[in-house]
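One chain, subunit A, links the two complexes that follow: it is found with subunit B in the first and with subunit C in the second.
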Partner chain A sequence: MRQVPQWFLLPALAVYGVVVLYPSLAGALYAFTDWRGSAEASWVGLDNFRQMLGDQTATASLTNTLTIAVVLTIVQTGLGLLLALALNSAIRGRNLLRTVFFAPMMLPPVITGLLWQYIYTPGGPLDSAMSAIGLEGLRQSWLGNERLALWSIIASVIWHHVGMSMVIFLAGLQGIPEELYEAAAIDGAGTVRKFWSVTRPLLGQAVTIATALTMTSSLKLFDQVFVMTGGGPGVSTQTLSLVMYKEAFVYGNYGYGSAIALVLTMIVALIVFLQMSVTRRGEVDA
Partner chain B sequence: MTSVVQVAPAASPAPPTGRAPRRRRRGAYGRPVLELVMIPVTIAYLIPLYILVSMSFKTQPEIAASTVALPEGFFLGNYETAWTEADLGRALVNSVLVTAVSITVAIIIGAMAGYAIVRGARRTSGPKLMLFLLGLMIPGQLGMVPLYMLMRDVGLLQTHTALIIFYAGSLMPMTVFLYAGFLKTQSPSFEEAARIDGAGWWRTFWHVVFPLLRPVTGTVIIINAINTWNDFLVPLLYMSGTPNRTLPVAVFSFQGEFASEWGLIFAGMVIAALPVLVVYFFLQRHIIQGFAGGLKG
Partner chain C sequence: MDVDLRHRGLAAVGAATALALLAACSSGNASEGAETPDADGDLGGTLTLATTSERGLELFTEDFEAETGVAVNGTYAEAGALNEQLRIQITSGTAPDIYRSAPGYAAPSSVLNLANEGVLMDLSDQEWAQYVPESFAPLQQDGDAVYAYPTFGQAILAFYNKDVFEEVGVEPPTTWDELVEVLDELKAAGKVPIALGLADNYVIQFLTYALSATLVNGAEPDFYADLEAGETSFAESAGWRETFEKLMWLIDNGYTTPDPLGMPGDPAMQSVGSGEAAIVVMPSAASPVLAGFFEGGEDRLGSFAFPASDDPEETHIPFSPDYLVVNKDAEHAAAATAFLEYISAPERTAAWAEATGAIPALTNADPVDNGLNRSVQPYLDSGRTTPFANHAWPAGTIADALMTTGQQMVSGSATVDDLLEALDAAYEAASR
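Moving on to the complex of A and B:
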């Protein structure tokens, strides 16, 4: 059989090259220049990265980005697993509940961002709920408080994305052959033992996918933060992608903005690499 | 059922029918308990969606009175104002147009690329696929400035074409990944038969391979369409302030103009969310499976 002529690859490669490969490569080079849009740019070596170390907004954004990624990965994946286990059991209405918990995934992040911004407004729905259950004292400016704003955003993103983790785990759970549970039951295993000895090891691949996906998407989180707080109050909710956007497209510091984007890229690459090598080891085939 | 033997001690009367008494399954109490737990969890989870919809039907005084109460009636004034003031009809057309054309282009060139990679020289298929997969890892922010400059220099900013090119390119990694992964599991015998019958490469691709890819094309459409429809930052950069803007951008700018008129803003939000939710309602099983299956690869 002759091989497919490679001009079949050309259209995809051309458009992917123009939109992703070339701009990313150019961006990585701009990161080492002082380019500000108009005139010539000159090579400044690592100056942009040194500047970042002394830039309070940039360092705060780095910490916040990592906090968001770690917390979301642990909490969202954990809750997604619990939901999947609950909705994989024989409870009534489980198909309807799956539809419900995945539904927010369909919504544009701008919309969920605006929705939660409203829910969090002082005197808004969340405060009303607090009063209704007798927690008057907990009423807050949920997005206006420097110590709480980041956590408020994280909670809203969990609400938005937990269905994705749930669906990945449901697919994983449904891939586990029923005979294994029957065999375990004959051996006298209870619910907990079945989970630990059958479900847990065979869910390895789902864990890899769910955590990798949550981790990479939360490192790039932009829309919700941009809409809800724009990085404030102070620098409490700045993220790398937000600072990159502002430096490049608001202040016109293309070189510096590209340097921040390059740092984000390196973090994503490092985490994907580490994560693949760690979680792959825990995978077993059914 | 081995458990049959263990029950029925001599004292207990034999069941009237021939059936053995069923031993209570382990965890049988678990189900009602779990159901009781899931009720409040589900209600709490639905509250934000309730707020999204209920707010859009409330008048300004109703909102001032309570942010969570049911609307007194289906007040449609917010929808009328949002639709005209934010030019949402135009934005809706823009979103449909950009999403439909981008996905169509992505499907055709992505399937061609998958075909070329999987049925091309075996030695180079791995590296070619890796080149595309690289795009799944690189954050869009890295190339954002150079791509913006490129679009500006060729005069495409503020046009639908700019967005369509952008999506066709940025959807390639996922699309090629899905098509190549699927094609690898398919036997090449149909294609070979078509070739032997004298069909050219394009005819073979279009009439044999592409129809064969149908199941995965469904997944490709679902994942790409939702991501494209909901995308925000690039349309904001390219289209902000123009009549060509897509729905998320239009709703966002609208929110900036009518800062505290939440009823209006929520009506706009519902209009932007409704098309995807309607499609989801009808195709939810396919959509959920598409996301789960597509990512498993």
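Moving on to the complex of A and C:
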């Protein structure tokens, strides 16, 4: 095969360097300053990171962000897999159902945030539906209760994104050769055995992709939280992205906001690296 | 695929990227020097202007353009987005000639923060400056320098549904005791007495500031001077304690929307329009939105000063301006000051306020005869107005502490003492 000269990469690398690398590194450096947007920035060492440790909002947002990431990754991926398994079988109307489950993905996150804020309004559609089926006692202040608000947001995000996980698993399932299931059947394998010995290992790549995408998007979760609760009540739904946005763009604390952005970036990189290291071990080629 | 996924994993770096791009832009220079107005008044050129809405402005733009030969190029955005956009433009030296700014130090692009950065023109030599109300001085002046033009004023008032009041047979109260009686009667009639949508955390400021205007600014007029001098604190202020205790008393005794933390601000306003609730406390600038929820039209919307004590003469109302400021490095500074002079004519100041559902901000403005202005005028005449509390604070982070810990107080996970301590901590941090 003819080799393409490596200097062909230079224009793309130059653009990448200017629009990604330089701003990223400069942004990282500002994390060690007290820059407030106009006056000269002074080097403050690790002060911004020390401030984070003593900041009730920042520490709560770190806990919330990790909770969201873990729960969403497990539940959304699990539900996506179950949906994919169900809709990969020969049930009637499966194409329609695939469209129905994927449709929320087509909505912008801000719209879903507004939609679910309305659904969760006290006495709103969710409460009315619960009353209609005799579950009046379970009516709640879904977004107004500090213990429930984060879980209410997580539920809405799962509704929004589960279609993406489902589609990834469906693609994975359709790449598994039918002959493998036939061979397993000849060997006497039942449904559970087929799933465990054939489907599970051959879905390894799909698991890697689905979990990586869910993990990264959930660690950066912003839109729905911003729209539905603004981080409240109190700090119960604050996320790192939201705190970073407020500090930098609302209060003009660009240095501190950069420090939060840097921590978020490190967390995303580390977690996704670890997660991919684990999930890729389970990958098997068909 | 691996590489692609890793890049996705690092996508959060975009946040740092945005911040760094701001930094990269900061070395840009604005046009140098400001023009002085031409002697013949024929200015020409294009005046760039950025504010939150064309409402009010559109009354004068065409005539101003015809009179001066200046083309007005306006851009409009919601206040939060505009503040962020302006902050970036100011940093990069590309801010418009005239732009909207918030009072005091409430946001990074507020008047006094920008004045401290040296990016605003001193307007103290302008004719209209002598008509700026004295109570606005702490929000727009540094010594003798005047850094902003108050386009209109807005007051935090109790807005009520007249039909509901007539149905229940109650009148607007003037004292705290009367207020409680009215709330009791409304509650007994099955109405939500006060609509409160605390799911939008900024809403907690409205009732708080309505109470603190009387209990702090009115009863403890030296509080902020003493606070700045380090001689008192929020925790030591009887007025601030009473403010939060009264707020919680109203919530705990069922005088507000049930589960206020689950109710967003807009549906709360809608509940007043529909007659499900009777009163909502909010800034008058939002009253046109509230009026839109009234089936009977804006005539069915009334307003009164929210009482916090038992002497009507002690009642103060929060009253703050909205501002336009002039870029110190404006490309067309002469046109900018001419524009402010044009809109500051008494009849235009009044017309602007009337068009925006607001209160004229300059003391020489023609009177506006509508319900809102009739509610506010006695307090303006007797000097019983104070700035919104957050406009007098040295940074927006103090209001953030109020919103965050205030929500926790309402939900029961924090106390009044916790909130007062949080305000003190935020104030101390902002004052460093």
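Assume the second predicted complex is superposed on the first by the 267 of 286 C-alpha atoms of A that agree within 3 Å, B and C clash if a C-alpha of one lies under 4 Å from a C-alpha of the other, contacts with A are read in each partner's own complex, and residues count from 1 in each chain.
We adopt the following convention: contacts are C-beta pairs under 8 Å (C-beta built on N, C-alpha and C of every residue); 3 or more make two chains touch, one makes a residue touch a chain.
In this text, all values refer to a predicted model and were calculated from it rather than measured experimentally.
Undergrad: Kindly classify A:V268 by the partners it touches after superposition: subunit B alone (first), subunit C alone (second), both, or neither?
TA: After superposing on A, A:V268 lies in contact with both subunit B and subunit C.
Undergrad: Name the contact category of A:A26: first (subunit B only), second (subunit C only), both, or neither.
TA: The answer is both, since A:A26 touches subunit B and subunit C.
Undergrad: For A:P122, is the partner it touches subunit B (first), subunit C (second), both, or none of the two (neither)?
TA: second
Undergrad: What's your read, subunit B or subunit C touching more residues of subunit A?
TA: Looking at subunit A, the partner in contact with more of its residues is B.
Undergrad: Between subunit B (first) and subunit C (second), which, if any, makes contact with A:M164: first, second, both or neither?
TA: first
Undergrad: Using the superposition on chain A described above, determine whether A:P177 touches subunit B (first), subunit C (second), both, or neither.
TA: Neither subunit B nor subunit C is touched by A:P177.
Undergrad: Let me test your reading of the model: by the given contact rule, A:S141 touches which partner, first (subunit B), second (subunit C), both or neither?
TA: second
Undergrad: Could you give the residue numbers on subunit A that contact subunit B in one complex and subunit C in the other?
TA: 19-20, 22-28, 30, 209, 213, 216, 219-220, 241, 244-245, 248-249, 254, 257-258, 261-262, 264-265, 268-269, 272
Undergrad: Give every residue of subunit A touching subunit C within the complex, in rising order.
TA: 19-20, 22-28, 30-31, 35-39, 57, 117, 120-122, 141-146, 208-209, 212-213, 216, 219-220, 229-235, 241, 244-246, 248-252, 254, 257-258, 261-262, 264-265, 268-269, 272-273, 276
Undergrad: Would you mind writing out the residues of subunit C in touch with subunit A in their complex?
TA: Result: residues 1-2, 5-6, 8-13, 15-24, 26, 80, 83-84, 87, 90-91, 107-109, 113, 117, 119, 198-201, 257-264, 267, 395-397, 400, 403-405, 407-408, 410-411, 413-414 of subunit C touch subunit A.
Undergrad: Which residues of subunit A touch subunit B in the complex?
TA: 1-6, 8-9, 11-13, 15-28, 30, 86, 89-92, 97-112, 114-116, 118-119, 123-125, 128-129, 159, 164, 167-168, 170-171, 185-186, 190-191, 205, 209, 213, 216, 219-220, 222-223, 226-227, 240-241, 244-245, 248-249, 254, 257-258, 260-262, 264-265, 268-269, 272
Undergrad: For subunit B, which residues are in contact with subunit A within the complex?
TA: Checking each residue of subunit B against subunit A gives 2, 26-27, 30-31, 34-35, 37-38, 42, 45-49, 51-52, 55, 66-68, 105, 108-110, 112-113, 115-117, 119-121, 128, 132, 135, 137-148, 150, 165-166, 168-170, 172-173, 176, 188, 192, 195, 201, 205, 226, 229-230, 232-233, 237, 247-248, 251-252, 255, 262, 265-266, 269, 272-273, 276-277, 280, 284, 287-289, 291-293, 295-296.
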